[in-house]
Structure formats: C-alpha cells, structure tokens
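Structures are listed in the sections that come next.
In the two complexes below, chain A is the common chain; its partner is chain B in one and chain C in the other.
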Partner chain A sequence: MSIESLFLSPVYLPMLGAALILVTKHFFTDRQRRVVEYLSALIAFVLPLIAFTFLIQPVLAHHQVHMILGTWETALGIHYHFDGLSFLLISLNLLISIPVWLYSRKTGPHQETFTVIFLIQSASIAATSLTADLFNLFVCLEVMGVTSYVLVASSEKDEALLSSFTYLIFSATAMVFFLIGTFGLYRISGSLAYDTIALAKNSLSGSDLLVARLSLVLIVVSVLLRTAVIPLSGWLVGAHSNAPHAVSALLSGVLIKIPLFALVRLLLLVTGTELLGSILAWAGGISTLVGIIMALREHHAKRLLAYSSVSQIGYVVAAYGLALASGLETEKGALLLALALLYSFSHALAKATLFMTVGRATDAIGTKNLHRARGALSELRAQGERFPFTGIAYLIAFLSISALPPAIGFWGKNTLVYLTKGHGATHLLSITSVLTIVAYLKLSRIFLPSKTTGVQKTVSSCSVLTNLSLIILTSLLLVGGIWYIELQTFVVQVLAPLGATTATLTSYSAAQDLLKTGITLSFALLIFFIGSKTRFEKRFEVRKGPVVSFPNLFFGFALLIAVMAWQLLIRGGVL
Partner chain B sequence: MKRTLFIIKLIFILLILALAIFPVILSSHSWPVVSRDYLYENALSDTGAVNTVSSIYLGYRAMDTLGETLVLLVSITGTMGILINLGRENEEEEAVSFSLAPEKRATNAQRTHLLEVVASKLGPVVLLFGFYVMLYGHISPGGGFQGGVIVASAIVFLALGTETQTKLTNTNVLGRIESLSFLVLIIAATSGVFFESGFFGNPIKSGSSLSANFIILLNIIIGLKVGTSIAVMCIAMMGGRRGH
Partner chain C sequence: MVIERILIFLLALVGFSAIVGAKNIIKKVFGLNILNAAVVLLYILEGSRIGEQAPILGEGVTTIVDPVPQALMLTAIVIGVCVTALALALAVRLYKATGSLEIDTISERLRSEH
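Moving on, here comes the complex of A and B:
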C-alpha cells in the first residue's frame, strides 16, 4: 500500500461503509442490517486507525505528501496535503467518534440511517483536514454542515427541528459569503490551490490587494461561524442542547474545531497575520468569559454544557489567534498552535464524556432542570448500573474541564494560560477558569443524593457498549494527563514542518500552578456556596430558554466582518 | 423601540455585507486565463469528454462532485426522516391534495382526469429524455445531475398518472437502485487506489476504445442515484408508500 492510500483511508473507508449499510437496508432484513452496521463501523473507524499507526513514523520524520487527487498533472485538480496537522486532526476525530458511536448504539438516535450519516460526517471531517484546495474546502464544509443539521434533527423533538433549521439557514447563508471569497481569490490568482494563491498574492497592489483582503475576511468569518466564537455562536446552544446526547458529544467535541484548524493551511501562506491573530485572540477571550457567564445563568443541564462549549472553544481560538499573531515560524507561535490543538483534544474528550454522562443521568432522573434533578447515581443504580461508570466518568471529565489534576485538562489549560501571558485577553481566561469550576459544580448537583425517592421506572439504559465508550474516554483523559509532557512533545514535533522549530516548553513548571489551581478552586468554591445558599443564584438565572433570532445572528456575522475588514483594510496588515 | 432597533440592525447588516462583497464582485482585475487555456488544449485528450464542463466536474475535480452527491444523499435522508415522523404524527389528518393512486380519495379535488392523462402520457417521453441527457453528458450540455432530475420528474409524472402502482413508482425498488448506484459510485471512486491511478483516478483508462468511458460511467451512476433519490422523496411528499 502506498502512503496515499493509507492517509486517504479515513476519507474513502467511511463512505464505503455508509454505502454498504444503505445497500443492506434495502436488500436484507433488519437483523442482517444491524450486523452490517457493526461491520461498517469497523471498516470506517478501526481500519483507518490501524492505517494511522503506520503513519506515525513518517509523520515524526516530518514526511509530507502533497498530491493531486486522481492522476492529473495540472493545477486544475484537487490538491490534498498530508502532514502532522492532518494526522492529528483525523486522529482526534477517530478517537472521539469510536466511543460516541458505541454510546449511540443504546441511547442514541435509533433511525436506520443514523450510522450512514455519522460515517459520511467522519469522511467529511477527514477530507476537511486534508484538503489544500479552496473549493474543495467549501464542499467538505458543506457536507459536514448538512450531516450535522440532519443529526441534530434526528432527535425528533420539535425544538431540535427548529434549532437545526436555524443552524441550517445561518450557516448556509454564511457559506455563500465563503463562496464569494473563493471567487475573489480565484479571480486574482487564477487558481484554487492554496500554494498558487499564495504565490499570486505576492504581486498584488492597489484594488487587487483590497479584493484579496476582503475575500480572506469573508472566508475566515464564514469558517469561524462553524467554530462558534462570539458573536457567531447564537446557533450553537440550541443545536447542541437539543440534539441526541451522542450527537451533542460529537458536535461539541470535534465538529466545532476541525474547520478552525483546517484554516491554518490557508493562513500559513499569508504572511503578516499579526492583526488577524490579535482580533481572533480577543474574540476568543471574550467568548470564554461571555460563554461561561451564560452557562452560569442556565438551569438546563444540556444548555449549560453547550454554553460551556462556547467558552471552551474561546480558549482554543485565543491560543490560535495568539499563535498567528506571533507568527508560526517563531518558537512561541509554534508552541501556541500545538497547545491550541492539544487543548481542543482535551476539551473534546472531556466534553464528549460530559454530554454522555449528563445525558444518561438526566435521562435516568427524567428532568434536565438543575434545580429539580437530584440523585442521578441512585437512579442509575436502580436501572441496573452495578458499578457507577457514569459517576466516575463524570468525575474525571469534571476534573479535566475544570483544570484540576490529574486529568489532561489541568495541563492543557495551565500551559495555555502560561503561554498567552502578556496579551490582554489572558486576564479574561483567568477569570473564566474560576467561573468554569463554579458552573460545573452547579451541574454536579445532579449527582447529589436525592431527598425524595423517585418511583418512576424507565427502561434500562445500561449496556456493555455504553460502559465501554465511557471507559475509553475516561482512560484517554487520564492517560493524557499522566503522559502530558510526552504528548506535548509529540504534538510539537509532529507540527514542526508547518514552519516552526521543534521548540519545547521548558520554562513551565507545574508545581507553581498547583498552588494557583488551589487558589482558583477555593475562590470557585466560595462563589458556589455563596450562590447556592443565597437567593442570588435564582435571581441571576434566566427564566426562559434562549431566543435566537435571525437578525441577531446575522448582526453578529456582519459585525465580525466589519471589525475584521476595518482593522485589516484601514490599519493594514494581512497579506 | 423594538421595531426601530430591528430596522437599524437590518440596515447595518445589509450595508456591511454589501460593502464587503461589492469590491470583490466588481473587481476590474483581468480574468484568469491559465485554466481556460489549459482546458482548451488538454481537456479532450485528458478525459475524452467533448463537453469541457463534464471533464472538469467528473474528471479533474471529481471529488467535489462526490461531495455534492453526498450533500444530496444526506439531505434527502434527513428529509425522509422528518417526513416519516410527520407522517406518524398526522396519520389521521386529511391527506395532502396530490395523493397517489392507492390512496385516492373523494377529497382529492385537484387530481383530475386531465392531470392523469397528461401526466401518464408525458411520463415515458420525459423518462427517455432524462436518460438521453444523462448518457450524452460528455458530449452535450447535461450530465448525471441534470439527467437525474429529469428522470425523477418523469417518475413523478408516472406516479401521478397511473392508477396501479408500477415497479418504477415503487419506493422499495427505487430505494434499491439508489443504494446500489451509491455503492457503485464509491467503488468507482476508490478503485483507483488499488489500480495505481490514485483516489478518483480512472481505473479503466487504458484498453478501451471509448475514451470517455469513466465519465460516462460516472454520469450513469450519478444520474440513477439522483433520479431515484429525488423521486423517492417526491413520492413520500405526495403521501405515497412510506416503505422507507
């Protein structure tokens, strides 16, 4: 097997699996279809994972492959680029998708076509990570988007349909602007491949430069919509909180991060991204704070988690922006990009676990209201969970997302905050880490013992596969925490060909941060107890669910375009 | 107050978006010629397709086409899911105005003899035209997507026009054709990986007198896929058999 067929396997194998399921659905019985579903999942997830273990060696040796799909010898074809970045992104997707799919077997949407769409989404994620062609990026984002609308709508609740529709209209409109941006860049460069665009932009001046900058702004903002930074995050809360638990886990864990990192390839070629990076860092910083405040004001378990995703993606975007601001060729920029990726990995694991465990717990209790939901552990035991997998998995994920040792999040967040020092947005990150703990303490109350004993008996949601998926995620969280330094070295080394040196974070010491974490934790506990014992909490909370209106969504979209365009055009900087 | 705010927002949105896209659209930069010249000289010999458009979307950039096929597949699957749910909820409610023959009721005032006669006579002709567009996509304007949509409309005509259900309007049969053609499409796309011509490379390039063979194959598969899936969706929307 050539290296091309190995790294393309996460693209074509899931599609093959999806086709197999569709065929068996129409030709064979239900029972046979179910067998084929497992077989297809094996083909789609496990085989690429095995293929990727063969790729670790080439990636560590900084081996890059630039290829054109098919055998065309022209720039007209579609360029794919395999390097450390795509390796890491696809591995992230595979590692999260496998437990999510296992979890969905028992709890998730039971439609016959769920696995088909799930597999196609996985293929589109892999293609997005690999592509080095602007129009192909558009197509991949479209496939990714359309699968997520359908997955959200598969919840069969009316609210889910509405959220899915909101997301569909908002992101489909944004994709039109992406397409206009693509048109602009093609017009001035005559090519859709990133490297040819980068070559062409060197000989630009006057109005052509303006066109190039505006096109880039349109593309970046449309992609940021998928990442859901404030002010573009209005669609996320409804979509992620109303989707089935497994889908929420995947959307919050993987889907909001891939487009952001796929953009790196394009931005890498654009010299002088300081200003753009700085704007992104601020957007990220503001997202962290606003997201967590909105989460604190929520009394609906899954909406709290969804707002927290906005807050957590803010960390990633802030680090990513600062990496661009310092330039990826510098040591600091390279490290920041690696940390942004690592943090998204740690958040993906933690948030997927949280959505799954909280989903199971609230299903067992029968309510998602944080004031009424209590005694999740005893309810789960009543449903046949002998060993408290759900509780333990929740605890580990809670530790990770609140940046407490020993889980991966502790290292991820602290190294990230350590490196972003010196930028104004860092202070926002520090405040957020206190509030994050408060928000998750609030959520944890569903596991407190209940005063009234529930009488309702629902069907058992326990199964070997669900427990297995929780075990996989939990052990990844712990393993990542224990071998974090090694993991970080690996990621930095793998990402090195993106233009940076093989820098390591030597000046950072975790012992110092343990003290800081202690202070943060005590602050958080203080706020939490003041909040929960007094009336303050009730008064602070919003009564109604979020009202999402299209004028507000598009206002956010236009606002970000205006800010970016003004900064880049008037103050100059990019390209 | 609320209304004023709404209008201000709306004006802001339109103004910013217009300011952002007009310079891009109205750019006076000369049109790029590299790709055009390349296609003019090499498209025919590279892919064997006289129609340059099909040499782009089924040749050089076939992956994009596969992506668009996936978009169609997923959106139709999603639509069918929602339709089935709605059908489950509104089982007792009044049937939609255009109903299929087995469900024909007295209330279907819009389903007249005129419609039936015209639709049933048009159906086969449109079907033939659909296959023509599909099969000659490499020579003349058309291709899998366009031909497929025409085939779908022909099937809808047949479904509206005939009293008894035929094989062609049976959603189970259509679903089988759809899933098989999707499988063949994926196999055609991936087979290049194992024949040393790369992902979406032409595995049957050599050893054939018909130079555009791969494009014709893809056109047929995509046409069948598009035609049957859209037909299934339309029949479901008309309240036809929910065999899905």
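Moving on, here comes the complex of A and C:
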C-alpha cells in the first residue's frame, strides 16, 4: 500500500462508515442496523489506527508527503501535507474518539445519526490536520463546526438548543471574517496554498504588506475563537456543559485544539511571527487564570469542567505562542511546540475522562449542583457497578489535570511551565496551578459519602463498553506518565522537520518539581479548606447561570482584533 | 470601484449589526446571511478586476475574470445554506420548547424550567 492511501485513511474511512450507516438505514432490521453501526465504527476508527502504526517508521525517518488532490496543476489544486504534526493530531483524535464512542453506546445520544455525525466530524478533524490550503482549511473548519453544533443539540435538554444556536451564530460569523482574511491573502499572492502565500507575503512592502498583516490577524483571531481563548470563550461554557457527556468529552478534549495546530503550518512559513507569538502567550496566560477563577465560581459540575477547559487551553496557547515567539528553528521553540502538543494530549485524555466520570456520577446522583451532590460511589454501586471503575478513573484524571504524579499531566504541566520561564505569562501559569487543584478538590466532593440516603433509581449507566472506555483512557493517562520522557523524545523527533532537529530538555529535573508540587498542593489544600469551612465559598460563587449575551460575545471578538491590529500595525511590529 | 466597496462594507455592517443587536433569532440568522452575501460580493467584485467576460472559454473570449474566487464562493454559498438550514432548524426547536423567538425570553424561560 502506498503511503498516500495510508495517511488519507482517517479522512475517507469515516466517510465510508457514515455512508454505510445511512445506506442501510432503510433496508435492514434494527438488529442488523446495530451490527452495521459497530462495523462502521470499526472501519472508521480501528482501521486508520492500524494504518497509522505502519506510518510510525516513515514519520520517525522525517518522511514528508506533499500531494495535490486530484490531477490538478500546482496553482489550482488543493494541497495536502502529511508530516509529523498531522500524524500526531490525527492519532490524538483517534485515541480519544474510540473511548468516547464506546462510552456513548450506553449513555447516549442513542440516535443512529449520532454515529453518522460523529464519524463525519472525525473525518473533518483529520482533513483539517492534513490540509495545506487556506480555503480548504475554511471548508474543513466549517464541516467540523456544523457537525459539532448538531452534536451539542443532540442532547435531550432544551438548554442545549440555545447553546448550540449561540455557538453556531458566533462561530459562523467568525468564519466570515476568516473568509475575508483568506481573500486578503489571495489578493496579494494569487494563490491559496500555504507555501505560495508565505512566499508572496515575505517579499511584500507598503500597503500590500498592511493588507497581508490585517488578513493574518483576522484569520488568527477567527481560529482563536474556535480555540476559546478568553475574550472569545463565551460560547464554550454553554455548548460544552449542556452537550451529552460523550460529546462534551470530545469537544473539550479534541475539537478546540485542532484548529490551533492546523494554523501552525501557515504561521511557520510566514516570517516574523515574534510579536504575534508574544501576544498569543499573553492571551493564553490570561485565559488560564480567568478561566480557573470562573471555574471556581461555579457550583454546576459540568460548567466547572467547561471553564476549566478554557483555563487548560490557555496553557497550550501560551506554549504555542512562545514557540512562535522564539522561532521553531531554535531548540527552545521546537521544544515548546512539542510540549504544547503533549499538553494538549494529556489534557484531552484527562478532560475526556473527567467529563465521562463526572457525567456518570452526577447522572447517578441526579443533580449537578456541587453543594448537594454527594455519595456518587455508593449511588453507582447501587446501580450495579461492582468494581469502582468510575471512581478510580476519576482519581487518575484528577491527578493528571492537577499535575500530580504519576499521571501524564504532572510531567506535561511542569515541563511546560519550566520552559516558559522568563516570559511574564509564566507567573499566571504558576498561580493557576494552585487554583486548578482547588477547583478539582471542590469537584471531587461529589464522591464523598453522602449523609442522607435518598436513593432514587435512574437508568443504570454501567456496561462493559463504558467500563472499557474508562479503562482505555485511564491506562493511557498512566502509560503516558510512566514513559513520559520517551514520549517527549518521540514527539520532538517526529516534529523535527518543522524546525530544530535535536532538542532535548536536559536541564529539567523532575525531583526539584516534586518538591514544588508538594508546596503547590499544600497551598491548594489550605485554600480549599479555608474556602469550604467558611462562608467565603458561597459568597464567591455566582448565583445564576451564565447569561447569553451576543453583544458581550462580539465585544470580545472586536477587542482581540483591535489589540492585535494595534500591536501589529500601528506599533509597527513585524508579522 | 470605491463606491462598490463602500456599498459592500455597508451591507456587511447591516448584517453584523443584525447578528449582534437583533433580539429575534430569525433576524439573527438573516443577519448572518446578509454578512455572508457581502463577502461573496467582495470576492466576485475583486475577482472581476482583471477581465470583463465570464470565465467560460470559447470563441472570442479573451479577457476573462478570475475564475478562482467564483469557484470558492460557490462552495461558500453552499456552506452558508447548510449553516442557515441548521440554524433555522434549531430556531424551530427553540420555539417549540419555549414558545418564543426572542432571545431574552428564550433564555429566561429555559432557566425558569429548573
């Protein structure tokens, strides 16, 4: 088999699976259709995963493929580029999607169309990671968007409809600005392929350069909206907290990160992204802190998790921005990009596990209010969970996201914070580490034994598949933690064609960080106990749920464009 | 050329202000469509700078306009239609759930359900 057919398999196999389900919908009996559904998922997820194991060797040997879809000539065709970056992004998607899909079998949504949409989304994620054409990126992002609106709305709750609508209007408007940016770059370069655009952009001057910079600002801000950096994250909380648990896990875990890394291909080629990188680092740093404070103010379990995603994506954006600022050809820049990717991976695993376990626990208790929800373990046992899979999976994910050993998050966050030292945003990241633990301690109270024993029977959420999905995620979290050094070397090696070839984190010592983690943890415990024993916590919390306000959402959008445009155009920064 | 650009800008502004300001969710969807249409016009206008005739090669056709923006806009229009259809479907379900199309009333009624 040629390498092209292998790396394109995550794009076309899910499409094939989706088509299979749709075609058989009207011919087969219910039982047969169920078999087809499982078969399609097997085709869509397991086959590409097997194909990708064959690609490890070529990717490690820095083998890159640049291809044009169809038989078009270079100037007109759609360019696809396969390298280490797309390999890692697609693997991330596959590794999270499989457990999420297994989990959704029992907890719903149960419509068949759910699997269809889920598979199309998986294909669009793969295409987004592979594309090297600006307009194709627009199309992929739109497909990704449309499928995620549907997935959010597939919840049985009515609030999810409003969240989905807000998400749709907000991100569709941002995509219009993306289109304007695409137009600006097409005008100055006469092409849509990244390399041609960058080539034209790097030799511009005068008013054309101004147009090019403004276009890039529009594109970057539109993508940041999908990534939910702080002034642009208003849509995320509703969408991620009202969606079905499985969908929340996928959206928070995978979907918000893919556009960011897809953009790296374009930004890499454009010269002088230092100032842009620095702005991104600050935006990320502010996101981490504001996100976690908003999370602490919540008493709704899933909204807390959603705000925490805003906070965690801030770490990724900060590392990503600093990587751009120091340039990927430098050792530090290359390492930072690798760490941003690794942190995305560790956050995706942890957040998916958290959404699944907390979703299951709160369903068993019957409330998502953190002040009333208690005794999740005994409730789950009453529903037939003999071995506490949910509790153990939650514990591991909690350790990982709070950066405590031995899970992957401990290494991920500490190496990341270590490398960002020297930039002002680091301090924000360090404060957030403490507050993150506090927020998750607050969430963990749902597993405390309950004083009242008001058992209300809901539908049992325990099944072999759900447990299997939790086992997969938990073992990935632990395996990643144990072999983190090897994993990091692998990622750096795979990403080497993008920048520096040899980058190792030699000066970092985990022993030192263990001590620091201890201090962080004791601070967090102190804050948590002061907060929970006094009335401070209740005063600090917001009474009402978040209000959807379009002017506010768009104010953030305008603000970020204005800040970037001011920095890059008026102050004469280079971009 | 300048007047056309100003008109397109105004059209985009109309669409954008409807998305941000309108209380009715159907009007918001309309606003999105108007904004989309403005961008489509922008592409077509700028693509027509280099020629005069439609890009269908045949006898006597020499100075064609740039066909790439037109091809792109076909795709963008299709995507716009899909997004509009989905938004309207959501609006219908919101109306069924709450009995209103005003965004403030909808969020109020959804919250009071609890």
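To be clear about the criterion, the second predicted complex is superposed on the first by the 572 of 575 C-alpha atoms of A that agree within 3 Å, B and C clash if a C-alpha of one lies under 4 Å from a C-alpha of the other, contacts with A are read in each partner's own complex, and residues count from 1 in each chain.
Methods note: contacts are C-beta pairs under 8 Å (C-beta built on N, C-alpha and C of every residue); 3 or more make two chains touch, one makes a residue touch a chain.
As the structure is a prediction and not an experimental result, all values here were calculated from the model.
When both complexes are overlaid on chain A, the residue A:153 reaches chain B and chain C alike. Of the two partner chains placed by superposition, A:567 touches none, neither chain B nor chain C. Applying the stated contact rule after C-alpha superposition, one finds that A:186 touches each of chain B and chain C.
When the two complexes are overlaid on their common chain A, residue A:8 makes contact with chain B while staying clear of chain C. Once the two complexes are overlaid on the shared chain, A:162 sits against chain C while remaining clear of chain B. After overlaying the two complexes on the shared chain, residue contacts for A:367 are found with neither chain B nor chain C. One of chain B and chain C touches more residues of chain A, and that partner is B. In the superposed pair of complexes, A:210 makes contact with chain B only, with no contact to chain C. By the document's definition of touching, neither partner reaches A:64: not chain B, not chain C. After overlaying the two complexes on the shared chain, residue contacts for A:20 are found with chain B alone; chain C is out of touch. Counting contacts by the rule stated earlier, residues 76, 135, 139, 142, 146, 149-150, 153, 161, 180, 183, 186-187, 551, 554 of chain A appear in both its interface with chain B and its interface with chain C. Taken in their complex, chain C has these residues touching chain A: 16, 19-21, 25, 28-29, 32, 35-36, 39, 42-43, 46, 68-69, 72, 75-76, 79, 82-83, 86-87, 90-91, 93-94, 97-98, 103, 106-107, 110-111, 113. Chain A contributes residues 76, 135, 138-139, 142, 145-146, 149-150, 153, 158-159, 161-162, 164-165, 168-169, 172-173, 176, 179-180, 183, 186-187, 192, 544-545, 547-548, 550-551, 554 to its touches with chain C in the complex. The part of chain B that touches chain A in the complex is made up of residues 6, 9-10, 12-13, 16-17, 19-21, 23-25, 27-29, 31-35, 38-39, 42, 46, 56, 59-64, 66-68, 70-71, 73-75, 77-78, 80-82, 85, 172, 175-176, 178-180, 182-183, 185-187, 189-190, 192-194, 197-202.
By the touch criterion stated above, chain A contacts chain B in their complex at residues 4-5, 8, 11-12, 15-16, 18-20, 22-23, 25-27, 67, 69-72, 74-78, 111, 113, 116-117, 120, 123-124, 127, 135-136, 139-140, 142-143, 146-147, 149-150, 153-154, 156, 161, 177, 180-181, 183-184, 186-191, 207-208, 210-211, 214-215, 217-218, 551-552, 554-555, 557-559, 561-562, 565.
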